[in-house]
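Here you go, one structure.
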Amino acid sequence: MLTVGLNHFLVISAVLFSLGIYGIVTRKNAVMVLMGIELVLNSANINFVAFSHYGNFGLNGQAIALFVIVLAAAEAAIALAIVLNVYKTFAEVNVDEIDHLKE
Amino acid sequence: MSESLLINISIVILFLPLLGFTTVIFFGKKIPKLYMFEVAVLGLTLLLSIIVAYVKLSIYDTKDIIAAFTWISMGNAPALGGINIELGFKIDNITVIMLFVVNLISFLVHVFSIEYMRGDKRYTRYFAYLGIFTFSMLGIVLTHNLLMMYIFWELVGLSSYLLIGFWYEKKSASDAAKKAFIVNRIGDIGMFLGILILFTQYHTFTFDAIYEQIAAGNIPFGSNAWLTAAGILIFMGAVGKSAQFPLHVWLPDAMEGPTPVSALIHAATMVAAGVYLAVRIFVMLTADAMLVIAVVGAVTALVAATIALTQNDIKKVLAYSTVSQLGYMVMSIGVGAYAFAFFHLVTHAFFKACLFLGSGSVIHSMHHEQDIRNMGGLKKKMPITYYTFLISSLAISGVPLFSGFLSKDGILAGTLVFGKLTGHWLIPIIGFAVAGLTAFYMFRLVIMTFHGEPRDHHKYDHAHESPFVMAAPLVVLAVLSVFIWYTPNPINPSAGWVIGDWIKTPAQVTPLETRYEFMKPSSEAAKAEVHGEVIHSVEYTETMHWAHYPAMFLSLFLAGLGILVAFLFYQWKKLNADKLAEKLQGLYKFSLNKWFLDELYDLTAIAGTLRFSSILAWFDNTIVDGIVNGSATVTRFTSRMSNWFDTYIVDGAVNFSAFLSGFVGLSFRRLQTGKVQTYIVFVVFAIIILLMFFKPF
Amino acid sequence: MIGFPILSLITFLPILGMFLIMFMKKEQSKSIKYLTLGITALQIVLALVLLASYNYSAGGIYEEKSFQFIEKFKWINISGISWLGNIKIDYFMGIDGLSMPMVLLTALVSFVAALSSWNIEKSVKGYFALFLLLDAGMMGVFVSLDFFLFYIFWELMLLPMYFLIGIWGGPRKEYAAIKFFIYTLFGSVFILLVMIGLYFSATELMADGSRVHTFSMIALMNPANYSADGILSALNPDNLRLIAYIALFAGFAIKIPMFPFHTWLPDAHVEAPTPISVILAGVLLKMGTYGILRISYPIFPDITRDLMWYIALFGMVNIIYGALVALAQKDFKKLIAYSSVSHMGYVLLGMASLTTVGINGAIFQMFNHGTITAMLFLIVGVVYDRTHTRGLNDFGGLASQMPVYTGFVTVAFFAAIGLPSMSGFVSEALVFIGAFGVDSLRVLTIISTLGILLGAAYMLWTLQRIFFGPLNEKWASLKDLDAREYAMFIPLTIIIIFLGVYPSAMLNIMNSSVNSLVHFVTTTVSTTSLGGL
Amino acid sequence: MMENTNLYHSLSLILPEIVISVALIVLVLADLIFHKDKKYIPYIALVSILVAGYYTLIQYGTSGSAFLTSGKNTISLGMFAADSFSIFFKMIVLVSTLFIVFFSFSSEEIIKIKDRIGEYYALIFGMVLGMFFMISATDLILIYLSMELMSLSSYVLSGFTKLRERNSEAALKYLLYGAVSSGLMLFGISLVYGLTGSTNLYAINALIQSPEINLFTLAFACILIFAGIGYKISSAPFHFWTPDVYEGAPITITAFLSVASKAAGFALLIRFIKTTFVSYIDPLGMWHLLNVFDWRSMLVAISILTMTLGNFSALWQNNMKRMLAYSSIAHAGYLLLGLVVLSNQGILAILIYFSVYLVMNLGAFLVVMLIANKTGSEDIDDYDGLGHTSPFLGISLAIFLVSLTGLPPTAGFIGKLYLFVALVDAQMIVVAVIALLNSVVSLYYYVRVLKHMFLTKSVDETPVVSVSIPNIILVSSLVFVILLFGVYFTPLVDAAQSCLVILGL
């Protein structure tokens, strides 16, 4: 019987992390990029919780995960505000096109 | 008159012309009459130098008077000991005779110039320059050390430069001045190096101190070769100043200066300074050095004489004759005929000055015509000039009863002895050949100028005898070209004052093994004496006796032959010079073009240096500046390696910084795309790369 | 000895002047000029006061007590628990025979340059303020005995120089200015590095018996002050003294400028306005050689002895190369610039000899080159002011048009050629005598003497091209010198000739110090152990 | 009881942070209350800064750890360290905030948004609060949280004025880049947590000495965490946001980011490495690291890369702000040099350098702002002839730039001097040479500005930039400080010397 162990969580976390990075790098829409960031944050969260659980480190890890979730929410709020602002200025949210500031 | 008074008067003699120079150069523009002050100053120095000469030769004739002071003192230098550079004056017989000669000729030239230069727009400045020349020349004469010799050596170079280029509006004049200075510098470098060798060893510049050390067996760097080198190098100074082969090329060009200047500087005094220097260092010359000197002198005498044969410019002929005669003197030093070298210097000074002033007189009356082919028949118009010129020509040709015969005969006898004792027969052969050539070209000159029919009637008609102030110096000098001033016996100079009493060949101080046999002392007693007169070996004395008459008759014969041939060609037209020239066209051209030496130098040394310098300048601009700065060349080279370089670098980059910043900066810039996702990709890659490099195993 | 801090005064007087100028109105250009002139004149007076009370027999160099007019007090003194952050810097000034001639030179050249700045019209205020700042920096370099202080003054000159060339210069001024700036900065970062390295390697004994790290040059010279683990201590088997020496030397060499670091010089000179060229050639170049003599030599005597042949080699290359390149120039000013390269080669050659005669000659040459080249650049300036061209082939026959000027030119040119009776001869002769006396340098010296030939060649050729021959009709209305120009030329001419006739006037000042220097450099064993610490 | 003392003690240690938090609340409230006339709001900010400064300074000499938790091995595992090191950096942050408030008075960009000025200051105080915690944080979670607090405020601020496209673009880029960086860092933190079971730095220091630690994972985590901090201090290769954001953001914020947030980042990095990885400090002040990760090599590489990249890229810039951005990257490289020597001497150098950098960089930004106020341009080409028409600004900027180059007699030289002293002391000569050559390169672009101001003739009329009296005083005081510290730096070094204590070993 398959026991779900630390490694499984770590694999999932790694996959999520990679997907997040992939999303950040490839998505054109700013909102999609933001979602990629969420994936990265949550992959870390999985780590925290999993380590906390399997490593007998107490509840610290899970508390951290809560902090991160809250912060992620705040970040998302600010991010969406900024994206909105960008949309008002550029009339689009394609991060590829927003490259006026460069060499 | 006490010794100190004597030396003080000599110092006054030295500085009076400087006073004249400063006065005239600063105030001459405001007070044009000031040139008379300069002439008066020279009159005074002449008077004083006659007094000094008289006192010295009559009272102190065997005693040298020296006064010195410390010029630079460096205290007790580590590892070197006390370094004190002394300057000072030495008065011996040679000095006072030179003092007299220089001042006399200088004074006469001053007088002559009053008329000759009249109307020149820089009239007063001319006299100022003469003043500074006289000062410098007297400095050379009076010095007791090599450094001061070098200092004044350069100063005469300066005055010579100024006077040759006096009419600087003419390009040829300023060219000649420049050439004179630079060619002289070549010799001076040698002289300077020679002085350096001596100073390094002895920490003094004083002649006597150096000779004492050498006599004591202390030779430079412990090697006779260095001693020889020192002698030859110092002699290089003489090669430059006395216009010896191969540095003689400046002297004929120097004739661009005013003719009285040529008489004073480029015939009688300054060019003789080289011989004077050689006389001064004679005692430290090794046999090898002497041989070199003899050969240089002989070659110079021959080369110059052959060139003089075909020249048509009156001053050029005289110039080459000067070079040739200087060659004689130098050769004479080289063969050990010390006294005759100096004697010839003195006699030559008078008759050559006379010749030049005579030519000046001719040129003046012919309105600056210098080509003898346009002269002729001037004898009637200018009798004083003609006779003085003739007397001097006889003197230079070595005709008895004239001074030149006395000195030249001595030299020729000396070469003959040298040839016999050492086997170097070529030197006497050249010596005698040149004697014949000299007689020929001098009389060619005399005949072409004064005899026969005038060839340019227009100029001839305007020709006239020169006024008194020009004629008088000629007469004085011509008179001084007669034997009686030097010896009562017209065929034996040794019976006279100069050779018999005043000038004695000094014993050499060089290590015995480096001397010629005949320069070695004849006895143990003589060996101990440092400054004594040389007491020649018996062999030498015998040879001298043997050589006396053959030399005299041979030289007489050759001189006579030369004069005869000259008359055959030019006076009586029995022989045709032009036809001969055509027949021997190659030789003729060779002589006319001065052995093509100027061309040779132009093509090699001068063009080479200029070419090299422009290559270096290019090198400096492109490569040196480039490498430190980075260079277009390098950039271009690198650019070939990659197209990318071409596009981004070569356009803008000229120097290394741009090259480097182009490379680094641009590649960095390319990363800055403005696309945030690209940046994030870079971050991810950066993390991976960092991990690869800094992973712990 | 003088009661008041005369060295500080002579150094900071120009800074005071700079502030005064800053508070003057733009329109008062005449008063600004007179103020500057007055300040430089005052500097000369102070320098003469120094000279009057100068003790000729005091050696200086490595012995603090034989320096003169010493001003020393604590400037920065940070002491922590351990040595951490602990930097002791003294405000330490004093002069000896090495610096006295340079102080005189700086005062003189600044004065002359101020005079020749008279026809500056553009932003007068800024020009003279920067000019005075530059002056202060130069003076400071020559009187500082603390390495740190020295370095501050050394760098202080860069910026004013940059602006003076960059704003008031010729057509390619910006390029020349930045090139100068970059080159010199490049050199000085090496100096900085070596300075820090030295700081760590040596300590100074304080009055209370403790030992602290120090920037004092004099303390750094004493091998007994080095601890065995210092990276620049000869006791340390892995010491970096050779590399440090080369780095330091390179830093100074750029200023000299030594081949192949010299290429900034022609550009800077050609573009700089006349007075700045005068200062550049007259004073700034000397700082390089002064630095080597003051710092490299006594602090690294062992390496100096090892490398003297190479220094002489570079001296020789400078002499010959500079002269040859000068020969090919078509621009009057560039020619003079390259002649500077050549003439500074003599200084290097003389220094390399490590003998009293040679080093005396080198320092004397520094002074003489200062006066002579200053005069040469003034000469270029005079003709450029009038004709606005510097092409050697654009002239001809000026001698008849401007006889007095030609007279001064002749003096300056022949001085540059090294004609006896002018100061340049004595120093060159001493350099050659000194270098020739050293067995290993003899061949180099012999080759170097070619420099006097080439020097004569390019100088006389120039003289001919500009002044002789028929008058170029274009210049038929040129005026001869005016009173101000007389005032620039006469003092220099007098000094050049005076020192040529009586060189002891200057040589006596430096002689004791040179003897100490030579003694110190040739005999000091750098591995003397400190013991303890 | 125990817990309460602990809490009170902790609160006394975070008094400055409390002041900032209160000020933040007051500002928000004031913004609501004075919604008509908001001209008093900046003064509230000023007063708060002064009060916070006061409370920071009186902490001098105390050293303690706040919010202790009783861990397994030791009892004093606080997550907040109050020590002199943090006081120094907090003062740097406060001083720069003070200047930013002054700048904001006269910045045209900020004046245009005066109706939102309350939010503006509130956000700035949010940043300050974040920085304060960053400076003192000794727990990975506090580190993460404080960084996020600061970042979130700064994202908004960089696009705050919304006057031009570039504001929004800067905000978006900063946001995305920052979020990804903090995400990476968080992932790193989670790995560290997994390896050690703790987020407290002291505890981690003890735990990673265990031989069972997977060094590869640790290295990965370290690099990820460094990526997070490296982006804050804009060290290569995590600097890419810097030029774009600096150019796009309002100039006051750019100045603030370039000094204060960099200071906080450096404080954090130093404390993180020191607390987590040092095994012991020898009497000479050299740090000896645990043999788990080769920080020194990595930092050397990154430092050299950073300064080289910053300097060489700056050569090409035509926009003053962008050039100063690259220059600030280069300076981050120099500052990292102080860390790579891993010694107290190096930290001292960093402290000194930062104080100097604060003055000269703010000075440069101030002058650029004053010029931009008038001309509306930050292009270097538009500076042509400015030195002649506005000599005061020209000369001041020249002095700031010379100081940034590091030439004596300016304070910038002293900063560099101490850095090189530290490097030579640690015998890292080659690195020192590279750094010195870099500073030669930097001369090019700084002098280029001088060239445009003084050497180049303007094509068209150069405007005369007049400066108000307060600004003259402000600029002159900065110039004065630069020159004073250039020739007399004893007080500066003394202050820095007394602030070297980093709580822990």
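Letters are used for the chains, namely A, B, C and D, taken in the order the chains are written, and counting of residues starts over at 1 for each.
To be clear about the criterion, contacts are C-beta pairs under 8 Å (C-beta built on N, C-alpha and C of every residue); 3 or more make two chains touch, one makes a residue touch a chain.
All values reported here derive from a predicted model rather than from experimental measurement.
Central chain (C-alpha centroid nearest the global protein C-alpha centroid): C. Distance between chain A and chain C, defined via averaged C-alpha coordinates, is recorded as 66 Å. With centres set at the average Cα position, the gap from chain A to chain B is 96 Å. Per-chain CA centroids place chain B at a distance of 78 Å from chain D.
Computed centre separation for the pair chain B/chain C is 38 angstrom, with centres defined by C-alpha atoms. Residue positions of chain D touching 2 or more other chains: 172-173, 176, 180, 184, 243-244, 316, 444. Looking at chain C, one finds that residues 182 touch two or more other chains. Counting partners per residue, chain A has 21, 24, 33, 95, 98, 100-103 as the residues that reach two or more other chains.
Of all possible chain pairings, those that touch are A-B, A-D, B-C, B-D, C-D. Residues 141, 144-145, 148, 152, 155-156, 159, 162, 165-166, 168-173, 175-176, 179-180, 183-184, 186-187, 189-191, 193-194, 197-199, 243-245, 247-248, 316 of chain D touch chain A in their complex. Contact residues of chain D toward chain C in the complex are 283-285, 344-345, 348, 388, 391, 398, 402, 407-409, 413, 417-418, 420-421, 424-425, 427, 429, 432-433, 436-437, 439-440, 443-444, 447, 450-451, 454-456, 487-490, 493-494, 496-497, 500.
Residue ranges of chain A in contact with chain B, taken from their complex: 21, 24-26, 33, 95-96, 98-103. By the touch criterion stated above, chain C contacts chain D in their complex at residues 75-78, 80, 82, 84-85, 87, 123, 126, 151-152, 155-156, 158-159, 162-163, 166-167, 173-174, 177-178, 181-182, 185-186, 189-190, 192-193, 196-197, 199-200, 231, 240. Those residues of chain C that touch chain B in the shared complex are 179, 182-183, 259-263, 321, 324-329, 355-357, 360, 397, 399-400, 414, 419-421, 425-426, 429-430, 432-433, 436-437, 445-446, 449-450, 452-454, 456-457, 460-461, 463-464, 467-471, 503-504, 507-508, 511-512, 514-515, 518-519, 522-523.
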